[in-house]
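What follows is a group of structures, each given as structure tokens.
Next, two complexes with chain A in common: one pairs it with chain B, the other with chain C.
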Partner chain A sequence: MSDEMDMDEGGTIKKFMFVNRKAPYGSIYALEALEVVLISAAFEQDVSMAFVDDGVYQLMKNINSEGTEIKNFSKTYRALEGYDIEKLYVEQESLEARGLTEDNLIVDVTVLPAAEMGKLMAEQDVVISH
Partner chain B sequence: MLHIVNKSPYERNSLDAALRSVTEGSALLLIEDAVYAATQGNAAAAKIQSAAAAGIKVFALKPDLETRGVADRVMDGVSLVDYGGFVDLVAEQPNCQSWL
Partner chain C sequence: MKFAILVNEGPYQHQSSDTAFKFAQAAIAKGHEVSRVFFYHDGVNNATRLTVPPVDDRHVVNRWAELGEKHGVDLVVCIAAAQRRGLLDDNEAKRQGKDANNIHPAFRISGLGQLVEAGIQSDRLVTFGD
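Moving on to the complex of A and B:
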């Protein structure tokens, strides 16, 4: 039995999935998740992000926070690609329940039905929820 | 009376609690994550529309809609207010309840 996976420069690469279920500006969860994801990128792990329930609202286009003077971190999702975080999964049921489509989102994502998302989640070494 | 809701309709039952209590001539103001309830195609859309049809004045805070990228998705029957309008609503109504 081996718990070793792909070796890269002597380190073990694990599959990390960050699951986001909260709307972006009503609480600190979404921003905190982004911070952790960016830190994880520095460790060259196999990172993916899942957006479920109100978490899909994190990816809305056209965010303008001038009126509320809250820090707008919307563009950070676009910068993830630069950190080799390219696996962004959005649950189809969550989008549909909010009257949204992929076109409403600020980044390219893979839309998956809940059952597929569940399979993907089950394959991970580590699942971190926000 | 002014009823203020600030939670997403998907995450809490605050909007439902407010809608059970509203009376004709009351106003309902959606702020923070509750503004998602004012968007087209959301799960609470029918509830908001039936409240509006029953004579409840429904408002949503525009800066909160803009911050969430949904200002262009507001459904018919919902009026937008800025912070000044928020203050006016509080001042106009004899009392208010925040459904936290």
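Moving on to the complex of A and C:
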């Protein structure tokens, strides 16, 4: 990291929401999306994450990725707290459609119905969706 | 208005890059500014100077390069996403001990901080991808 860590943003704090819509394995979206989220922490913005559709699978407990030869990045979600990224929202309908509950997830989240999630997205300055 | 654009898919396989380009072109034609286009995920493949499309097809890479040069649009390729997909500029090729480079000179490689910064500094960040 060198020039991209220029913090001279004049103290602007925007509401950033990273929307995760894809399953954790099967494509690289989830893994690379996490990279952006971690970098965003260095910019001292108001960051939140939303998990919808197959994106809810990213937070599943007991994932074993061994057979895929892709590193298991479940623990990165647990580490988000250490980066002051604590606002994690999961869409209720997406959980229910997949037979999941909050108990199946590795981190503490706020479960919201789709309509509430929509409102929250509308309040954001920047929504980055993967 | 000041726009920044995120392109998450590669050229030809997917329409994202085409749509993003048309969006950028239309925005500039309307008098808006497109300050930066950030290429992430497979979107980094939009920056290879070795692209050889059929003669009767559009040249996605050159089209971006020309737009960037003509209108001062900062075309940024994520370094981590580029490296794992085999896209290197001259400096990186030397640093990694590779015998070739393939990034078009109209693009530059940098870190994900450039994406977050674009979100902070622009009025709208528009994502194109799956």
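Rule of thumb we're sticking to: the second predicted complex is superposed on the first by the 120 of 130 C-alpha atoms of A that agree within 3 Å, B and C clash if a C-alpha of one lies under 4 Å from a C-alpha of the other, contacts with A are read in each partner's own complex, and residues count from 1 in each chain.
To be clear about the criterion, a contact is a pair of C-beta atoms (placed from the backbone, for glycine too) under 8 Å apart; a residue touches a chain by one contact, two chains touch by 3 or more.
This is a predicted model, so every value here is computed, not measured.
J.: Between chain B (first) and chain C (second), which, if any, makes contact with A:100: first, second, both or neither?
T.: Only chain B is touched by A:100; chain C is not.
J.: Quick check for you: in the superposed arrangement, does A:32 touch first (chain B), second (chain C), both or neither?
T.: Once the two structures are laid over each other on A, A:32 reaches chain C alone.
J.: Using the superposition on chain A described above, determine whether A:70 touches chain B (first), chain C (second), both, or neither.
T.: First partner only.
J.: For A:42 in the superposed arrangement: first (chain B), second (chain C), both or neither?
T.: second
J.: Kindly classify A:12 by the partners it touches after superposition: chain B alone (first), chain C alone (second), both, or neither?
T.: A:12 contacts chain C only, not chain B.
J.: Just to be sure I read the superposition right, which of the two partners does A:126 touch: chain B = first, chain C = second, or both, or neither?
T.: Once the two structures are laid over each other on A, A:126 reaches chain C alone.
J.: Across the two complexes, what residues of chain A are contacted by chain B and by chain C?
T.: The overlap between the chain B and chain C interfaces on chain A is empty, containing no residue.
J.: So in the complex, the part of chain A that touches chain C is made up of which residues?
T.: Against chain C, the touching part of chain A is residues 1-6, 9, 12, 14, 16, 28-29, 32, 35-36, 39-40, 42-43, 45, 125-130.
J.: Once bound in the complex, which stretches of chain C touch chain A?
T.: 6, 8, 40-41, 80-81, 110-117, 119-121, 125, 127, 129-130
J.: What does chain B use to touch chain A in their complex?
T.: That would be residues 6-8, 10-11, 32-33, 36, 39-43, 45, 62-64, 66-73, 82 of chain B.
J.: Would you tell me which residues of chain A are touching chain B in their complex?
T.: Chain A residues touching chain B: 22-26, 53-54, 57, 60-68, 70, 72, 74, 97-100.
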